[in-house]
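Got some structures for you, see below.
Next come two complexes, and both contain chain A; in the first it sits with chain B, in the second with chain C.
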Partner chain A sequence: MTGGVETIPGARPRYSPSVRVSFVFVVIAVACLFPADLSVTTLDPWSEIRRMLLGVLTPDFFAVEAIGTAILQTIAFALLGVALAAVTGFVLAQFFHLRAVRAACAVVRAIHELFWALIFLQVLGLSPLTGVLAIAIPYAGICAKVYAETLEEAPAAALNVLPAGVSTVSSFFYVRLPDAWVHIKNYTFYRFECGLRSSAVLGFVGLPTLGYYLETAFGEGNYSEAAALLIIFYVLIATLRFWMRPKLLGIYLLAAPFLLEGASDIRFDNIRRFLTEDIVPAPLRGADLLDVQTWVALQDWLQMLLTDQALPGIVATVVLTQIALVATAFLALAFFPLISMQFFGRFGRTIGHVFLVVARSTPEFILVYVFLQLWGPSMLPAIVALALHNGAIIGHLLGRYSDEIRLRPDSAAGLNRYAFEIVPRLYGQFLAFLFYRWEIIMRETAILGVLGIATLGFYIDSAIADIRLDRVMLLIVVTALLNLAIDALSRGIRARLRLSTRVESCQG
Partner chain B sequence: MLLQLVRQDLGYDQGPVLRDVSLEIRAGDRIALVGESGAGKSTLLAAIQARLLDQAALVPQNPGLVGSLSVFHNIYMGRLRQHGTWYNLLNLVWPQRREIAAIRPLVERLGLEEKLFEAAGALSGGQQQRVGVCRALHQGGSLVLGDEPVSAVDNHQARTVLDALHEQFDTVILAMHDVDLALRYASRIVGLKHGGIVLDRPSEGMTVADLDFLYRDSDDGRG
Partner chain C sequence: MKNGVIRRAWAGILAGLLATSTVAAETFVFTAIPDQDEARLMERFGKVAAYLSEALGVETKYVPVKSYAAAVTAFRNDQVQLAWFGGLSGVRARLLVDGSEAIAQGVEDPEFETYFIAHASTGLQPSDDFPAGIAGKVFTFGSKGSTSGRLMPEYHIRQHFGKSPDEVFSKVGFSGNHSKTIALVQSGAYEVGAVNFKVWKRELAEGKVDPSKVAVIWTTPPYPDYQWSIRGDVDARWGKGFKDKVQAALLNMRDPDLLASFPRGGFIVATNADYQPILDTARAIKLID
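Our next item is the complex of A and B:
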């Protein structure tokens, strides 16, 4: 090669770093398809689908008692959980410069609401506090982070012109808070919407929220009642803006504690036993700590747990996450044109909006549950459900972004416009959204084990059934560490690709 | 006759910018639109554009490049309509030798050969403007409409760009801020002032001084 052209980097075709990273993720996902179990095990999924569709077409809104209780409980748990999280998060945000606070928030965030619920069920039983804390604890970690980042962005100019000697408290209320307040309010409102979904899902572990009634209805094959429950849930979320007014918040918060149902006998005996006995690794319980045998036994115990349970659980969780992530990516790219002015008229976009609202308002856990009923326990229902839900969320955000693109008057239409004009312009944003969802998808994947898919949650759920809480705690810690690792990896990739570092409405 | 405007008001939703415009454009015309910024050059150009969009290659003031795509792809976009969609997609993920061969001479002429596979968004303003010109050249046809196509490049490059445009296209309509270049390249000068066409005549024999009045505030007799 003597030509000068060969040595000039810009003169040869090559792929941008974003495209290369995407390609690597697709290859990984394809490789993950081999070990993944994608079988359909139900005998006649089509007749089940037909019965479900029939249920959707004939919703039974007259199962009033069940529906009313389910909705009220769902709202009450979400309200108290998010309120507690917002207040705690706001206080924690003031100390977010401390490494210990940041780390603690990261850890509680990394553990899914359902895992928190499973822990508190062991300590507090089916008391209302279980549900409230299960939402409040992880949400406090998220709120603290977002609030702190928002307060960080206070205008430096305004801070600089403050007279010397102004107290921290004064400058906080005069300069930092006012600008951040709207942001914080909006974010907390969005958190409440997420809280409704989390609250609904808590029903699957026995709390009296929507999920409980949904599981019952599904178990009885009463699809008309299930459809009614879900439809009312969508309406609730779609009309959130109208009934969740700041003026009414006080009344709601006063009423909510009286609405919560559940056993109220919290026994301190239980709490003490949980902390001092149950979660202590079995080989250490009542053993002589000076005896070498104790530590050998502990090592065996750890090795057994890590190789027999944690490792296969991690492998399954990662395999499922990577496939679901790439499936999400493809669906998001397929969905966003449905609501984009660049591609469809008002009528087409309305249909697109309805579809995306339903897909993203349904908690992924419930979607997985429904698909599991159809196809039986394998990774297939989980992948389809996770990709639908997350694809709809990212598709919605991309659709809104695409509306802001101004095209040349002579730009191409249809598929050419999609491939040459719109997708390349959105691609950085698209990857940023996707990498944000990565950690969320993994957190969700781990919890799906509760439904019988062999991810980490499966081993946690089995250990709970065996009342081996020491194992539960270890496996939950492993799950949290896996999440933190993915979070760090995602942040690293985003920084490498110089993708925007904050995408609020896409967080957890 | 490509286009005939008779006593038309032109403008945007907020109301007309240009009033009472009459203009004829014939195939083979080489027209320079001149006048102060804000005189309505872009408005007139947009009106012509809207009427001739199907046959014209455009060089808008903002080249409308896709920053994350390579220079090659941005130039290729001029011919999206000439090719089948599947071929376009193939060429997007895997630049075809045939298309590279067609585009390379253009970028070489305009001094962009080293940038052919760089992301367009990473280029300087002047380079981006030349990519926009290459796109129009690649699109081809007989008519080009340009809004200040050489505003961001130096004088030498401006001549290269204008030479290329006038060689490629039979009919050339350009809004120009450089009166010197306008007189050199155009065969007809259309002057705009105070929301109307105040001059429309062959450039032959005209000097820069003849166009001075377009850029002066006072002595236009409208007072």
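Our next item is the complex of A and C:
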């Protein structure tokens, strides 16, 4: 058992390491509340909330021009992106024992797909490849890691009974792979669901997916249209297992490239220019590298970027992440009973499921966007949205987990069952999920800057608006390093607490 | 049954493959910065594309973009050859593409203005002098790359206070476009905002502005703004005199329905030199190096 207090008469209570870690995180989050800006500036949010609710009640499925194409595009980008990621990830997984491969995968994972899209928009413009690569690259890094871990865990018993002299290739295809295949298939299917969310969000930066129309609809206050788009998106995800059949996959994959819209010609010139001019720091561009002045100018440039932009960006990103993480924790603990057999009957659980599906299917980017419109610019919309989305994901996983707990028939019910029977038994798993989401929450927090919250993404977005790609690259590298640091810290804490090191369905 | 569906799907794909293999002549592509009401962009600019196709005798297509920067990048990367830019985005784009030119502007554009608007609760009154009372308020610009929503208001704010907007206001935001600036100041999410005067007048006429909640408190001195810019290599690709033909087609656009997309009363000749003041201002506040 991981939670709980041991009381020895006459001594101070000794808390378990998990409880102590939890306290530390709560204290950090509370401390972060002081520098955080949590004000609601909107003078009359209720009139807008009323209009939104009215929109939800009167969805208008015919308002969007080309809604059908938007849906097809969303699916096509996700499909091709995830397929490419799965194949690349599978190949990379074979070389995952190499340090360089592991590091490369960690780096591409640390950069959010929206940032990848912003980079590719500069090089490839509105070409469909922009969207496909933006999904495929970070996902390949994630798939490689998960596939490698899955293959690693193939039971040793099977390998041990192989006669001597069986080649590595044979043992891979006949022993390791068959055993891991179901996991790999399920995981890839789950990735595709994530891909649909990512694909939709890419619309916010201009790709012709659902997000494109959603952003317009919300921006213009056409809430009936926005509601229709969101409902279609939920239906798409809820019916996934009915239309995403292995048999049809080949057809989908063949058809997808023809559905993608956008300028299709890719110019080598643009790629060369991006790599050799655009991302070179401005003071070095066309300068005399032997001149001391050049390097002084570079130092000034770096100092300006790091102290005026990177540093405040990092502070805001960390502050927001820590508050959102703890808020997520509380919401997850509040949400999981909604779908748990330990607490509710079939009817109650169904309502709980619908609520959690909606909360976790809505990309947090879209949630934040909506809350920003309602409450005005502060960290509050981001915290609420991140906590809702991630709390629903962890709540869902915990709920399923709690169903497996067998209690004595005479055990307490209601609040006592929750506090004394279930939560203590779940606590280790709960922390494991939470620390997995930590890095994902930070990645999300960084991109929320694009919406105007002063995290790292805000400065990246500003540099893009000024077409200063050298600054964009430096700031993206800073963001990636921050993510890698959090990832390492999270792994360290999980190892210290001996929490499960692998939580498949909780990977971002 | 199921196999039948699958077979038909395969047949459809093959038909699609054959259809796309026909070679098309090079299409002339344009875009426009998304500065206002983004709904029905395809519908609105689709009509402009149809007009240009007809006038130029070359297939012309409109591609929508989500940001000012995306418009500049598309122009730079040659994914569009013609663009309806703001003053600042046009200057940026032309700096990045050698030989590109401003060829037409709206009749209103040589004397463009920015309105500072304020929520009624601020108590700020309209004045002819710079409204110093905006200091300490929650302020929103439009898009980060906008001339009327960012460059000019920021310039005047810096001129008056000698400080950056971050230091002048309690909070600074970027609404994204002019329609949103109006909506957000009206809802009180921001107390003061800077907005393109054309968009304000249009939304006022359309009844989208509630005068009891939001009002204009100051007008900037006039400056040059929007223009059509074209890449320098179009003559080489669509034939000698193509640039002049495009310019003539724009200047001859008279249909009020088409002009309402911009919204402008008509188009007149523009040159790169007309936008020197914008470049100087952008350099002064370090938006351009």
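To be clear about the criterion, the second predicted complex is superposed on the first by the 493 of 508 C-alpha atoms of A that agree within 3 Å, B and C clash if a C-alpha of one lies under 4 Å from a C-alpha of the other, contacts with A are read in each partner's own complex, and residues count from 1 in each chain.
Here is the rule we go by: a residue touches a chain if its C-beta (ideal position, glycine included) is under 8 Å from a C-beta of that chain, and two chains touch if they have at least 3 such contacts.
The structure presented is a predicted model; accordingly, all values stated were derived computationally and were not measured.
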Clash-or-fit label for the pair chain B, chain C on chain A: fit
Touched partner set for A:394, first chain B, second chain C, both or neither: neither
Touched partner set for A:420, first chain B, second chain C, both or neither: first
Partner chain(s) touched by A:44 [first = chain B, second = chain C, both, neither]: second
Degrees between the directions from chain A toward chain B and toward chain C, using C-alpha centres, nearest 10: 150
Partner chain(s) touched by A:204 [first = chain B, second = chain C, both, neither]: second
Touched partner set for A:409, first chain B, second chain C, both or neither: first
Which superposed partner A:221 touches (first chain B, second chain C, both, neither): second
Chain B versus chain C, judged by how many residues of chain A each one touches: C
Contacts of A:270 with chain B and chain C, given as first, second, both or neither: second
Smallest distance from any CA atom of chain C to any CA atom of chain B, in Å, after fitting: 41
Overlap of the chain B and chain C footprints on chain A, listed as residue numbers: none
Residues on chain A engaged by chain B in the complex (per definition of touch): 5, 8, 10-14, 16, 18, 406-412, 414-416, 419-421, 424-425, 427-428
Residue ranges of chain A touching chain C (in the complex, touch as defined): 37, 41-45, 47-48, 65-66, 121-122, 125-127, 204-206, 212, 215-217, 219-222, 247-248, 251, 254-255, 258, 262-263, 265, 267, 270, 282, 373, 375-377, 452, 461-462, 464-468
Residues on chain C engaged by chain A in the complex (per definition of touch): 6, 9-10, 12-13, 16-17, 20, 29, 37-43, 63-70, 72-74, 76-79, 92, 96, 119, 121, 138, 143-145, 171, 173-174, 176-177, 179-180, 183-184, 187-191, 287-289
Residue ranges of chain B touching chain A (in the complex, touch as defined): 46, 49-50, 53, 56, 58, 60, 64, 66-73, 77, 80-81, 85, 88-89, 92, 94-95, 100, 113-119
